[in-house]
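One structure coming up, written as structure tokens, with questions to follow.
Order of writing sets the chain letters: A, B, C and D. Residues in each chain are counted from 1.
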Amino acid sequence: MSDTTVKMRDIAKDLLDKGTVDYIIGWEKGRFSNQSPPAFITSAAHVGRLIWDEYCLAGTAKYLLDDKFPTGKIGIFARGCDARAINRLIQDGQINRENIYIVGICCSGMKDPATGNTAEKCQYCTHPNPIVNDILLGDPVPETNKPERFKAIEELERLSPDEKYEYWSKQFEKCIRCYACRNVCPACNCRECFVDQYRVGWQGKQNNEDENRLFGLTRVYHIADRCIECGECARACPMGLPLMELNRKLIKDINKLFGPYEASMDTETTPPLAKYNLEDIEEFM
Amino acid sequence: MKRIGVFICHCGSNIAATVDCAKVAEAAKAFPGVFFSSDYKYMCSEPGQEFIKDSIKKYDLNAIVVASCTPRMHEHTFRKTLANGGLNPYMFEMTNLREQCSWVHSDIEKATDKAIDLVRMSVAKVAKNEELFSTTIPVHKKALVIGAGIAGMQAALDIADAGHKVVLVDREPTIGGKMPMLDKTFPTMDCSACISTPKMVEVAQHPNIELMAYSEVIEVNGFIGNFDVKIKTKAKYVDHVKCTGCGLCETKCPKKVPNEYDLGMGLRSCIYKPFPQAVPNKPVIDAQNCLKLTSGKCGVCARVCPTGAVRYDDTESFITDTFGAIVMATGYDLYKWEDVYGEYGYGKYPDVVTGLHFERMVNASGPTGGKIKRPSDGTTPKTVVFIKCVGSRDSAKAKSYCSRACCMYTAKHAHQFVDKTPEGNAYVFYMDVRTPGKAYDEFYESTLRDGAVYLRGRVSKIYQDGGKLIVKGEDSLIGKQVEVAADMVVLATAMVPSAGSRELAQAVGFLPDLNGWYQEAHPKLRPVETPTAGVFLAGTCQGPKDIPDSVAQAGAAAVKVCGLLSKSELETNPMTARTNTTVCSGCGICVSVCPYKAIQLQSITERDHHGHRITRNVASVNNGLCQGCGACTVTCRPGAIDLQGFKNDQILEEVDSLWT
Amino acid sequence: MKTIAKSRINEVLDILAKESKVLVPMKVNGVSKYTPWGSEGRIALEEVNTLLPPKDTLFPQTEKMYSYKMANQEITELNIHDDSAPQIIFGVRPCDMQSIKCMDDVFLTKSFVDDFYKNKREKLTTICIGCSRVAPTCFCDSMGVDPGRHEAADVQMYDLGNSYGIEAQTEAGQALLNKLQGLIQEQAGELTAVSCTLKVDTSGISDKLAKMFEHPIWKEVSRKCIGCGTCTYLCPTCYCFDMEIKNNGNEGYRFRCWDSCMFSEYSRMAGGHNPRPSKNERIRNRFLHKLEFFNERYGKNLCVGCGRCLSKCPVNVDITLFIDKIKEVAVDEPV
Amino acid sequence: MDVIEEQKWEPKILAFCCNWCSYSGADLAGLNRMKYPENIRILRVPCSARVNPQYILRAFQKGADGVLVAGCHPGDCHYSTGNYYTRRRFLIMKRLLEYSGIDPRRFQARWVSGAEAEKFRTTVTKLCEDIKAIGPNRKLRGLK
């Protein structure tokens, strides 16, 4: 048992005993050794369920939306990605910082349950250390901005329009519209998703390549300047759509067009598409 | 369930000549929700509108589409027709078959197909229209006039005489603008100052006018009836309450600098009034040049001032006030010919001057006491060449437009010169002589009779030769090169919008045209209004004009203002943003993009699905402030905030309808 | 028994494909699913079961029901849609075969017959291949399914190493075998019995759950659910659907498409009220439907133990763990 | 689309025009009797900032061969800042469309003032020519 696990349990026990938090969100072992799904610990007696290993893949922050108006504080274990997700939810006005107690964990990356190699979402992680926390576990992991994470996008950009279309057709043709990508995404925190607005009719419910593509492109546009690159969408997708290749395309362009920007590094910076600069590049003359 | 009526207008032959209106009407019958469709010669005519009203009753219609001209023309007309016909005026959509179809196409078949598509779009949209109702906003019965030239003064006086409060702002130490600088006014040759300075005094003394000279508008917020304006008054260094305007300080001031009012031809002290009849008739200190303020030495003016009005520690001050209407009267500047006209010497020849220099010269109160003298050596010129259209009507080098006043004032100058210099020769190089106006052409004729020589052609070169300026040009009427050895050359330079007018327009919230002149709401029908409701135009800020036109337009603007201020409240446009609070998650992105600060997060208390009381934030829109641009709607991912009259489902229906 | 050499499976499929569409487990850009023989992709018989279940063949994710035309505000044309055609589905695993039986119950029995389903079902011939090995997530035998075979299949095949044992179980199956005469040979074959490594005890669970509608356990087991539709869309038996109209000016069509009881919008009523407001109620509905309601109505579980949901759920919501938990909790009277 | 249809194919191009500049620019083109192709269908919006990029996706999905978004020049927006947001939104959407395989010539955003009738004419004419050259749009097209 890793000593982070030990520390996790001690802290959780302490927080629950003292009543600092009503419950704490972490991870526990699933039925199989390569599963460490999220866990909700409500009493000190159960802190033994908590675990920290290389299969703690799922994000914890999104669960804060299930309890937006808590009676007491919510404890949450947060890796780098979860911390940015928390900022995202705070900036989007969904939760209050005062209502949560963040136990940050410096994360050196998880494994893909299927292959045992480094999980893709972690391969390209630029902020493994929680940027916001009330207490920090483990020693900070060295951070790089991983320019290589845009390599796949650059390669796609080099394709001809028809080749690009062909590539995405193959992808969207697979989509089953289970909306796992949306439901794990901390930037997807609307009360009612546009796809569910049958009265307005943004989106047909038919499952076909084009409706799926429409959903895919709209989804990425909706999170364009708010994606925190946690990679949960791609991880959650049961059909293996390379969703981060869409997200990162916009992230790349936004950085190029409007200057360096990383979403949710704080809770104040206005997202680039909600502001402007008189000197923005001009292509529409 | 919608019962839609469709009316296709022939607009005489304007539409019918290119679009098969009957065919369009027939096609429309088949569109979903259409229960009546017909074509008609003139929908906007009285009988046309009656036709709509009758059909509403006869076929029990509850939504109407009229396909005719641009909605920018008649949308309002037909909304009223609906109201008179007993429908909500917003159950209406208009299809633009004239400006955007019949007038721009010639192939009847294709134009008709397009027309059918355009009508289909409107039908699809109107099927989603909802009844809208306007609310009212208060009107602050106070007007702001920006710029106190002849136009600004006239507008201020007319509004004030009608009994409304006016604040008149000018950035110069004195009001009056350019008119008092002029000597005589064409065609009557009465003294410019003699008729403008009394107006200045009248303005200063009017009980309803608050004068703010040496001041600038720096910030404008709000909307028609409710403009919140921030005005800066520059540091005068003279307490105008104490100052009696005796002028002692000006005589004692040890430092003299070129006087802007005389275009640098004369001198003034550093504590100064621009000219003797300045209003307010009290001096200000020119901080750039004042010895006390620049070096701390001197202080003479303070010592000699009998009332102790001089205050070197004076600072700029700010006031904010609310106005119901704004009149823009920012006037013009003269085109900087020195920057581009190399053939005239780029301004390096002292005796090549502009018409305004000439005005100051011939003006008895000017730097030369009314004597026409060469700036270079002060001698009286015998031969003067006048060149028209310097910067005007010259799209290659400068401005493509005609400055309108030059023909007349050049005729006036020539007349004045030969008048004052009997043995003198006046040559006028011109492209055309434009004298439309009462007694204008007669005046020009008299100038010819006075002996002024008009040469039709452009001047190709001016160069110095000893004491003379050699003016080379062409007389295109005889097709010969001409050369005049002149003592002085007077350029009729183009009018351009005054410095800073573009920034001011943007602060107020409308846009100048391509030349920087203020764009009127409609070139013919709304010449003194801007696209921004409650903001009006007077004088040359809208385009080159002479004095009579400026004064006339000022009066027109004043009437518009009085009309507005006569109401105590206004109906608001109901086509504003609205929030669906069940969908709104309170992320607040819409708040950040609203240009009118019309959206705020407001907390509401409700019960959640499990019956627990919760308090959460939602966006709430101030209909008075919202102008209906819809920028917020696009930032809202779930479309919780939507724009009435241009709702997401309406626009999506329009798009879809094109491919049904 | 009758056998066919594995090396000649392609020939078998070629012959069958002459007369009707043959759906074969294939890997098509990364996804294993039942794919028409002859289309691009690699045949994937080695996979224990495909990522996408065969559900789509009988109950498409999006299915046109009827189309209409209008003129002058009146309906002028109405056409019921029927795209059913003879189909053979090859290589169905016993768990998925069982799922077809579940759907048969839903769409064909209890005095309700769904024609769209019926037309397709009547024209479908099923060829089941018994499993010679199982995946760690397989638990079909706990759900009363024999991993080795399924009696409902028209043709049953057994993996004998280099060849498949093959036998007809229905007339349709016999007719199909007749077409393969040349390829079939007699040879003795050893059937190796397989059983799942993942076991759950479902005995009495239906009755127990009947008493647990208000039990606090739902809050606990639903907590980590993210409310996506992965489990229901990958499930071979989940048959919930929504019906919508796609209108396009004066014409349009009505279609039905899969829907998921895991979506918050699924149970939202027109007025906005939602009888299943949170995942708590939604998860309860799904598990009760699978293990209780369906049992009550059709006498079997609506879970066939294919293991797709537990291997693909992004947060490992695991029906087998849930069943174990139910066993543990004490319930006497309804709470 | 078969060859015969191909030959009589005429592109249908949707143009979102802001009420204050581009739409009145189009009106001015009419007043001046300027001619441009019939393939343009103008959809009037109060401001280019009202144009949701999702509308463009929708138009292509429905079968648009080309889409134009036209608004006031930066600095000239009737609502003072709307088109600055438009600019950012469509700088992004333009690239996303291209990335997903839509020929970049099929989508354009342009600033057309109320005075620029000629610019409106040349813009839509050019757009039409380009799209006639690349042929009907078959991408993103949904089942009707």
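Throughout what follows, a residue touches a chain if its C-beta (ideal position, glycine included) is under 8 Å from a C-beta of that chain, and two chains touch if they have at least 3 such contacts.
This is a predicted model, so every value here is computed, not measured.
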Identifier of the chain whose CA centre is least distant from the whole-structure CA centre: D
Chain pair, most C-beta pairs within the contact cut-off: B-D
Cα-centroid distance, chain B relative to chain D, in whole angstrom: 31
Distance from chain C to chain B - Cα centre to Cα centre, in angstrom: 72
Centroid spacing, where centroids are CA-atom means, of chain A and chain B in whole angstrom: 52
Chain C and chain D, separation of their C-alpha mean positions in angstrom: 46
Chain B: positions in contact with at least two other chains: 582, 593, 608, 635, 648, 652, 656
Touching two or more other chains - residue numbers and ranges from chain D: 53, 58, 75, 81, 85, 89, 144
Set of chain C residues in contact with two or more other chains: 248, 278
Chain C residues touching chain A - in the complex, by the definition given at the top: 29-31, 51-52, 61-62, 136-137, 198, 220, 223-224, 226-230, 232-234, 242, 244, 246, 255, 257-258, 260, 263-265, 278-279, 310, 312, 314-318, 320-321
Chain A residues touching chain B - in the complex, by the definition given at the top: 68-69, 92-94, 189-194, 197, 199-202, 222, 270-271, 273-275
List of chain C residues in touch with chain B within their complex: 70-73, 248-251, 272, 274, 277-278
Touch list for chain A against partner chain C, complex: 30-32, 35, 37-40, 58, 62-63, 66, 170, 173-174, 176-180, 182-184, 192-193, 196, 198, 204-208, 232, 235-236, 238-240
Chain D contact footprint on chain A (complex, rising order): 156-157, 161-169, 194, 202, 204, 206, 208, 210-211, 213-214, 217-218, 220-221, 224, 246, 249-250, 253-254, 257-258, 272-274, 276-278, 280-285
